[in-house]
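Two complexes, one shared chain (subunit A), two partners (subunit B, subunit C).
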Partner chain A sequence: VCVPVTARALGDSPASLVPCRLMPVRWSRYNPSYLEPEVKTESYQKPLEELTEEEKEQMELKAVRPIKAAPPTISSSVFSDPMISKFINMMMKSGNKVLARSLMSQTLEAIKRKQLEKYHKAPENEKETIECNPYVIFHQALKNCQPIIGLSNITRGGKTYQVPVPLTDNRKRFLAMKWLITECRENKHRRTMMPEKLSQELLLAFNNEGPVVKKKHILHKMAEANRAYAHFRWW
Partner chain B sequence: QLDRGCALHTAARDGLSSVSSQHVPAEKPRAVFHTSESDPAKHTEQHEGRLYNIPLEEVKAVFPHGLPYRFQQQIQTFNEARVMVRRPALELLTYLKGSNFAHPAVRYVIYGERGTGKTMTLCHVVHYCSRQGWLVLHIPDAHLWVKNCKELLQSSYKKDRLDQPLQASVWLKNFKSSNERFLQEIKTQKKYMWGKQESTEEGRPLGEVVEQGLARVRSASDAMGVVLKEIKQQSHRGSFRLLVAVDGVNALWGRTSLRKEDKSPVSPEELTLVHNLRKMVRNDWSGGAIVTTLSQTGSLFKPSSAYTPQELLGKEGFDTLDPFVPIPVPNYSPREFESCYGYYLERKWLQHEKAHTEDGKAELQFLSGSNPRQLDRLAGPL
Partner chain C sequence: TLRLVGTTTAVLRKNAGAPGPEKYTEAFIKKQIEEFNLGKRHLANMMGEDPETFTQEDIDRAIAYLFPSGLFDKQARPLMKHPTEVFPEQRKIQWGEDGRPFHFLFYTGKQSYYSLMHETYEKLLNVQKHQDQLIAQDLPLQKEKRNLASSRWLTKIELEEMLLEKVSDDDYSRFIQLLEKLVTMPCADIEEKYIQKFSKEVPVQLQKVVIEPLQYDERGVAFSTGEGKRKTANATAVVYDNGTGKITVNGIDILHYFPVLQDREQLLFPFQFLGRIGKHDMVCTVSGGGRSAQAGAIRLASAKALRSFVTEKEVEFMRQAGLLTVDPRVKERKKPGQEGPRRKFTWKKR
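For the complex of A and B:
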């Protein structure tokens, strides 16, 4: 949504010199000359000799150009994971990031405990098959929940048809996370805590079982059933 | 010690006993932080920073209550109970070994900032004393007696005191399971009346008093008071040594969050359990020791930055406990941190790939500030 700009609005615009008359209000837009911030500490620890030509040019460019502010969601910690941050943001309610983060860490710990108990009780030959890393389980479970093809409503001649449609990567990830969270919020007993239920669902999804993977299969079946309407799609 | 620890370590591992000499040099640097000495009496400065194993049956016998919740979860996940030998505990053990039991009981107060290992130090001392055959009176958390009490009965013994039947019966059950043989040996020295009909004669074993308290929950607090009184009177004879281990002793002097039926606040003296425990913590008896811990975490109406004895005990508590031997418990030293980190790696608790690198270790040390509790909480999701 754009708003006709007045002299006052130009003055309080965030750090950019936008010459156009209409200014976007909802997402702040930096001048194209602003560069992205580099958060990873490894890139700063390389000695000068090891840098390639492009990296040297990049360093010289950074000396003269302004740099955007780093968003609070990314961190230079070696343990940070963008997928987990996205999931935490989706779990968050009314801005309570502290609670959402603690729920996520309790979930990861619960997954680790369950898997480690299984690992220590299993006989020697089965020990390699048991995956104990909660991050690997989380990423694999999300991958297993991602649908390949989606359905979209297209109206032709007064009737709405469910048309199979390819999904972008972002949309797939979003759908997987959304289904997991709604499943954990709705289909649990009143007294069960979220970390316990989430860890259960993630372990089931890791093994390609459970209600979320079932929902994905139902969507695929619906798309397969509506193959006839695929030509309604024009994009 | 190093070789003994290493050998037991490799012998205990399944599947590695067949592959012998190549793996022993690789095992050695990792096994440095373990020690095979599971008797606390033989722990010296050589064992400082190392983890010793308590067999699981002994854990169930010695600690029916008293271990922190997260440590109990760790025991269940790793299938073993490993406690780190640290300097404050070694200091306490040397004092206990060298103390003269004909003199009045010495009071030791373990204090420190939040999460530095005070309760674990107390548990180490309790394990030593139970190995030596002492009678251990372990109160896991005195704060549980001054807050969140569902049932408060008016005491039948004294009109203005209040009983807590649930807490007393839980404690009696745990006490019975950890000190079975003493309950048969110690005999009562007086006749006690429980209500109009029931009574315990003179010369009966203490076990009967405990049974009475467990059977009639109403008189559980009075049964506990009788047990404490009898034990205190008979400790100077020398047939057994008594250890009074109280966690969160600052709850005994302070305020409670309980209210009477007319909504007036209850002060700690009006609770039977607190009154009897205060009598135990006075140093007018001999033949044992009193080891206590201060705790801000469960305390009521105390600021979270308070950790010194003066702040947490208040004037009344400090004057009652004075003179005592203060034992500060600091955060992990670099060596202890290495040993804890190595243990987590070895037990596969740190699963994140980056946690195995030097950067990850430096980050863990920085974020936790070498505080044991913070390290444990951080290492959980990793």
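For the complex of A and C:
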């Protein structure tokens, strides 16, 4: 899809190298030679001997190429997590980041409280198995909700078939987060707050129970049932 | 239509496969070159300079002095350049007197491009054969790594100028893919000369930024300033040494000025990255933009100010963490016929 645009809006974008007035729509303000920034301090404190071949090449490349600016959602502190930032962006409505962030922090607090309650009630030998770190619970729950294989609609001879298709990492993460959020928004009592419901769902997903993991299993079963059409995929 | 100086007619014309009647004969261009050289010597004598060592820059300065022009368009002003720069390169006639074309790929329409692909593939097969020979003799394959970072491939426009015919985006990307494949093979050193024709050196030192030295105020405390921009916000930051970690924005403490946690995290980001949270004081002024833009502007300003306090290696780490780059993202303009920058009007069937 091309859009007629004047040259002045281009700036550093790749189209400033092309003297045409029609531009592809998915472009970025950065020149394609700009690389992603690396924010974590640990990667800069590694001594030279520990690096593998690829990392050494990456380092050399980074020394020459320009780097994009770090986005305002991430920082080098221990509290910023890229997955949690993505989840907050997906929960956000109409650009209200303040509300989305506060909901997330309330959710994590609710998870911690529930786990601590369980911890204090549990007998001595079970105390070590109870996980109290809300970040660990969040990551594990997301991992348990990620589907391995997805379905895509392919039309052959007038009929549309659901064909099993491998998913990329990004797509898996997106689907897991999307299912969690839709589940929490729709299937709850009118008076329950989002943090409460989300913390409930996350704890269920952490233990491989709950409606989101069930949805993942249904998707896997459908993919297994439609195995016969797998050869329709051409990519 | 505009005729741009310094580009090839082949690029501007639509079907470049059939060159039209020659606009400038070779004899004409030779005469122009002789006239140019003579004129250069005359000009040098007029300006009182030595005709032997009169460079193109001297010519430009002399012309600007003798014919001052107030025109805004630089290409409309009086110009005296070597004829090869003024008259664009054009292809000679591709066929003989009997009408039979010289090149065997003439009827493909893009003869230079296809012959180039043919040659490159031949080199690839050569390298493969050499590799197979080495494997058959059980000799180790040379693995000298080419420095990927310091060279880049020719751009599409440069390729077009080299081939004197139009190259489409698809064709260009296929050619680059073939070159990449050739380069990644272990025995590619044999064809190094051929590859060098298509690669250019990238200047390694992109911008050697001068880091300002520390200044000292009346109490003897070291400080340094920095400026930052983000969207429409402009900020200046003064970072003092031997501090307690207090940060003041426009005379107000950050807890009151930035009630949102995300903005305060951004302000502390450069200090936390360098591990100097309680060691510096900061006083900043910021104007314009919104809440997040102001925070981003102050972050950039403080990172720039901190460069003076820190070793060069740490400055390089800050640059690789994205703290020292100006964020070029701004609000996209609204287009006519659409409601916003991307949103179209509601589609109505009738």
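As a working rule, the second predicted complex is superposed on the first by the 171 of 235 C-alpha atoms of A that agree within 3 Å, B and C clash if a C-alpha of one lies under 4 Å from a C-alpha of the other, contacts with A are read in each partner's own complex, and residues count from 1 in each chain.
One rule holds for everything that comes next: a residue touches a chain if its C-beta (ideal position, glycine included) is under 8 Å from a C-beta of that chain, and two chains touch if they have at least 3 such contacts.
It should be emphasised that the depicted structure is a prediction, and the values quoted were computed from it without experimental measurement.
In the superposition on chain A, A:Ser77 makes contact with both subunit B and subunit C.
Of the two partner chains, subunit B is the only one touched by A:Pro134; subunit C is not. By the touch criterion stated above, A:Arg113 is placed in contact with subunit B alone, subunit C being left untouched. Set against each other, subunit B and subunit C differ in how many residues of subunit A they touch, and the higher count belongs to C. With both structures placed on the common chain, the touch criterion links A:Trp27 to neither subunit B nor subunit C.
Of the two partner chains placed by the overlay, only subunit C lies in contact with A:Pro66; subunit B stays clear of it.
Residue contacts after overlaying the shared chain place A:Trp234 against neither subunit B nor subunit C. Counting contacts as defined above, subunit A residues 41, 77, 79 meet subunit B in one complex and subunit C in the other. Subunit A contributes residues 41, 77-79, 104-106, 108-109, 112-113, 116-117, 119-120, 124, 132-135 to its touches with subunit B in the complex. Residues of subunit C touching subunit A in their complex: 147-150, 155-157, 202, 204, 206, 260-262, 265-266, 268-269, 272-273, 275, 292, 295-296, 300, 316-317, 319-323, 325-330, 332-333, 335, 342. On subunit A, the positions that touch subunit C within their shared complex are 3, 5, 9, 11-12, 17-18, 25, 29-30, 37-39, 41, 44, 57, 60-70, 72-73, 75-77, 79-80, 97-98, 101.
Note for the complex: subunit B touches subunit A at residues 14-15, 73, 76-79, 348-349, 351-355, 357, 359-360, 363, 380-382.
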